[in-house]
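Listed next: structures, encoded as structure tokens.
Below, chain A partners chain B and then partners chain C, in two separate complexes.
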Partner chain A sequence: MPPPTPLSPPELSYLFTSLSLTPPIRPDLRSASQFRPLIAECSFLPHCNGSSRICMTEAGECIVGIKAEVEKDATSKYATIIEREKWIEVSVEVAGGGASGPGSGVGVGGISGAGGASGRDEGDGGAAVWLKEGLLACGGDGWSILDRLVISKGWHWKLYIDVLLLTPTSHPSPLLLSTAVNMALDSTYLPKLTSPHDVDDIPAFSDDWAISVPLYEPTTFPRPPISLPVVAIGDNVFLDPSVAEVATAEVGLVVTLALSDADGSCDIVGVRGMEVGRAGGKEGDRKGINRKLLRKMVTTCVNEASEVIKTLGETTHKQMFRA
Partner chain B sequence: MEGLRNDGRRWNELRRIHCQLSTSSTNADGSSYIEQGFTKVLCNVTGPAEPSNRQRVKQDSATVSCEVYFAAFSGTDRIKRGRNDKKVQELQTAIQKTFSSIILTHLFARSEITISIHILSQDGGTLAACINAATLALIDAGIPMTDYVCACTAGQSTSIFDNEGASPDPWLDVNYLEESDIPSLTVATVGDSEKIVALSMENKVRIEALEAMIAVGISGCARVRGIMDKEVRRYGKEKLEAEGE
Partner chain C sequence: MAAKAPDRRRNNPPSHGTNPPVFLSTSLPSSTIKPEQASRPPNEIRKIFLRTGLVSSVTGSSFLEIAPLKLSVSVLGPRPLPRTSTTPFAAQAILTTEVKFAPFASTVRRGYLRDSSERDLGSRLYQSLVGAIRRELYPKSRIEVVVTILDSEDEGDEVNTVYMEEGKAAFEPTFRDAGRAERALGVVLAGCITAASAALADAGIEMYDLVSGGVSTVLVDQFDGKGKGKEGDSEKRLYVRDPAIAPPEGKKPLATCVLGYMAARDEISELWILGKLGTKNGTAEMEELVDEAIAAARSSRGVLNEAAKERVQFIVDKAQSTTQTDDTEMTG
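Showing the complex of A and B:
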């Protein structure tokens, strides 16, 4: 189901026309690749290893807390991939801005294949699934986030990523969710191990937070991933679409990117389809998408978004440093 | 000899209180954020609006409903509290009853005012922080109330009486460590009138100590009111100036 909109057919038709012009006119007069302003802060929860709060005008507010617990490996032998993937648990809870309680949502982000609004990453988890997938896919060259979670022989960190969504709609922008998770991961610190690595006794940690170890080393790559929604109307590609633009769009994608070097170039970690309104065409008139248009959408993301992702990382580090 | 508590405060000192109004950009009519020490609470208020449920319609006044959510990461250990958790329900009822008596509900017949509270971090005095956050959010939403509702906690440091028979000073605004160690109560007053609207205590305490604890709690409430009032006035002034330009 595409996100429901309060817009009437004439309004959608007007939007469709103005967005398919060359150059297009967006309802809020942004340029095609311009993002909306957002408020971001991190590491403000004392009980969490990492935390963040992102506030966007239309999409609402998202608070993420990351907690790490010491856990014994399930088997004494080399842990399998399936077991290792359980080291990270993502859960998304949707609580409306007021009257609508949890569970009132239909599907977070309107991403294809994503079921219920709230849930854990196991089974029908909706947003939690693609958030975790992006996290695990991010890496390459044998590097994986899971390697960072190994404490010592037989022990690992179990990472709980809890996302709290305070949104007016049940379809918040995937950008809101992934930015919040990205920032929280970037600000996550784990206590420093003081016992030896190769002993399988219960590990011991230093009490001193000043020497704690960041989950993502600040200067190494890849950085935590970020998912960007992108929609196309006619031949025009729009980054960070508003609810009205999603309702009007003919095709939508969520492109997951991770910063791969200091110059700001990005790796594509994942691409998913996003449910859009397709208000332009008649009902039942599904034309399909041109391959070239899809390519254009992905390249626009990679080219235009890197600066935003880079700045976000810098903001996080600035706030961490201040804290 | 006046001793210091484990976080360096004296018996009658509050923790740092930081509050903000209109923090949320969501569709809530009013929102607030309050930090009392490491206890951090976010509150959204919607309404007066049409009741979500027919059962909540009252012909002559507004219904006040309250939803409390504990974030899974709010405590020291990760605990998920469901909707039917006893502690959650208790908090909801306490807050709902408190505000039903303070909000001028007769002005909004057949409507509903929803207070939704998110507890992000717990470090003692959760109920007090929830009540304070709700007051600020209701003010932000412009819902008429008779006065501020301010809450504060107080604890009795020890139940052993000294030689003269006088009990030691109660502690104001207990943190998590103190709360789990000594008997404490939460008291909420209407403005600085010293009239109590909510009182809750879950421990055993000697009857002689109770009145002193309540008295200290009330004096704390008056100070909390001062801090909250200052922030409301600052925010109001800032908003008016911004609109005047």
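Showing the complex of A and C:
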């Protein structure tokens, strides 16, 4: 279902016109590829292996806590991909038991609890699915986050990534959620293994957090992924769209990127369609993305995002408890 | 007084009756039905069987078969919104999509409640169809698309198994295929999109264009994985349309693209790319993958057109026969 908006048809029509001008005029006077300011903190939850809090002006606030548990492999000798993919569990919850206010329910394939694509029974679907998808797809080239979770023979870490959206009535932007998860992952530390690697006894760990091992080595690549929403109205492409812009947009994509080297170049690890309002335009207008527009949308993401991702990574590292 | 309220305590038959299905016996002996050829060229999609009008109790329906994948789609509506609905008024038709694997559709049994991947498929399907339907023509009504997957190519088999060698601490996977489950879902999604379009056409719901699904995968040689020759190996990339779940020998999948494509409008209504694509040459890698998926979608569009034509043909035939009888009556 298209996201419900508090905007009236004339308002939407006005927005549509102003956003399809050259150059476009966004309601908050940002340039087309400008992000909204955000407040980001990490490593502040004492009971978690990694945590973050992201606060975006309109898009709301969310907290992510990552906890790791030692778990025995389900099968001793064979571990199938399916079994391995259960090592990471992502859940997205909306504080206050779901939102029904105007502007909610906008998301990539539905956000959990906030009324998804079918507007019901979205227990853990939606956001959790694509967040995990990007995480697993990131760095398929001989490297996977799942390898980092292996402790020793027969044992692994089970990672629980719990996202709590604190502002239920706001627009849960994919950027908000993925930024928070990205930062939390980047600040996740696991206790150092003290028992030998190749014994399938219960593993033992050092209780000294000063020598704990980061989940993502700060200097290696790829880094955790980040998902950027991008929408198009006419020939104009907008990064980090606001609620009103999503409601007006004709088409939308969520492009998941991961930093692949120190120069700041990114790899595309996933692209997904995003639900947009398709309001304000005329009947019979654009119904999908043509190839030219697709190129423009993804190129904008790739060109503009690397700096943002890099800066975010630096901020995280500055704030980490061992920095 | 209005008609009696329907008896909800018993399982009532449809008021207008149903037709028993008629099965055609296969005239070919089983030996002549060959299994899918392993040497299918990479730019050729599998043969598709698509028929409409299988379920007689719904507005529109279709059945699709692509090698092991079998699914049926029912379209209910457009029908009025229920009075108890949270949205009593809608200027445009409300579309709902539901994808469900039958419990026996894969080796791992699926429950009767939809799990997260099924819900995700449902929202992907929604996304691909919603733009194509002329929803503004059906205000205050809802259209339901229900997909039941009866059989699918499976995710979990021995190729999918990572072998842990004795006495070795870390995984030494002989084969890593991270996007495997997603690729399996992608093939299913493409089938869902194509079949759902046919069912919507069968239901006589007005659309801007039919949406057909396409899948493509890019593979590289398995052994050039780590670092070396990473830049120059673009010519070694193999693009496969409508990929089988098990990748060919010695090849490693990099990324998969699933899309819903409206061929007459040249627009992509739904895009789902999964896997790693470099951006050294801008978006060239992604574009090539998308182009392959579009080509696959174009191929399946041919089948879709034929299936949609059935309904048109049926209406035309019926109209002709009624006008003929009218004529005879008038002359007689």
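Going forward, the second predicted complex is superposed on the first by the 281 of 323 C-alpha atoms of A that agree within 3 Å, B and C clash if a C-alpha of one lies under 4 Å from a C-alpha of the other, contacts with A are read in each partner's own complex, and residues count from 1 in each chain.
Definition applied: a residue touches a chain if its C-beta (ideal position, glycine included) is under 8 Å from a C-beta of that chain, and two chains touch if they have at least 3 such contacts.
All values derive from a computational prediction rather than experimental measurement.
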Query raised in the report: Looking at the overlay, what does A:D162 touch: chain B (first), chain C (second), both, or neither?
Result: first
Query raised in the report: Just chain B (first), just chain C (second), both, or neither: which does A:V271 touch?
Result: second
Query raised in the report: Does chain B (first) or chain C (second) touch A:C55, or do both, or does neither?
Result: first
Query raised in the report: In the superposed arrangement, which partner chain does A:I63 touch: chain B (first), chain C (second), both, or neither?
Result: first
Report summary line: Of chain B and chain C, the partner touching more residues of chain A is C
Query raised in the report: Is A:E245 in contact with chain B, with chain C, with both, or with neither (first, second, both, neither)?
Result: neither
Requested in this report: With the two complexes superposed on chain A, say which partner A:L45 touches: chain B (first), chain C (second), both, or neither.
Outcome: first
Report task. For A:S91, decide between first (touching chain B), second (touching chain C), both and neither. Result -> first
Report summary line: Going through chain A, the residues touched by chain B and also by chain C turn out to be none
Query - Complex contact set, residues of chain B against chain A - result: 23-29, 38, 40, 42, 44-47, 49, 52, 67, 69, 71-76, 78, 80, 83, 112, 114, 116, 118, 120-123
**Report entry** Residue numbers on chain C that touch chain A, as the complex places them
**Finding:** 86, 94-98, 108, 114, 116-117, 119-120, 122-124, 126-128, 130-132, 136, 155-156, 160-164, 167-171, 176-182, 208-209, 225-226, 230, 254-255, 260-262, 265-280, 282-283, 285-287, 290-291, 294
**Report entry** Residue ranges of chain A in contact with chain B within the complex
**Finding:** 44-48, 51, 55-58, 60-61, 63, 65-67, 69, 91, 93, 95-102, 160, 162, 164, 166-168
Report task. Could you pull out which chain A residues touch chain C in their complex? Result -> 1-2, 76-82, 84-85, 109-110, 116-119, 121-126, 128-130, 133, 136-142, 144, 146-147, 150, 152-153, 197-198, 253, 258, 260, 265-273, 275, 278, 283-284, 286-291, 294-295, 298-299, 302
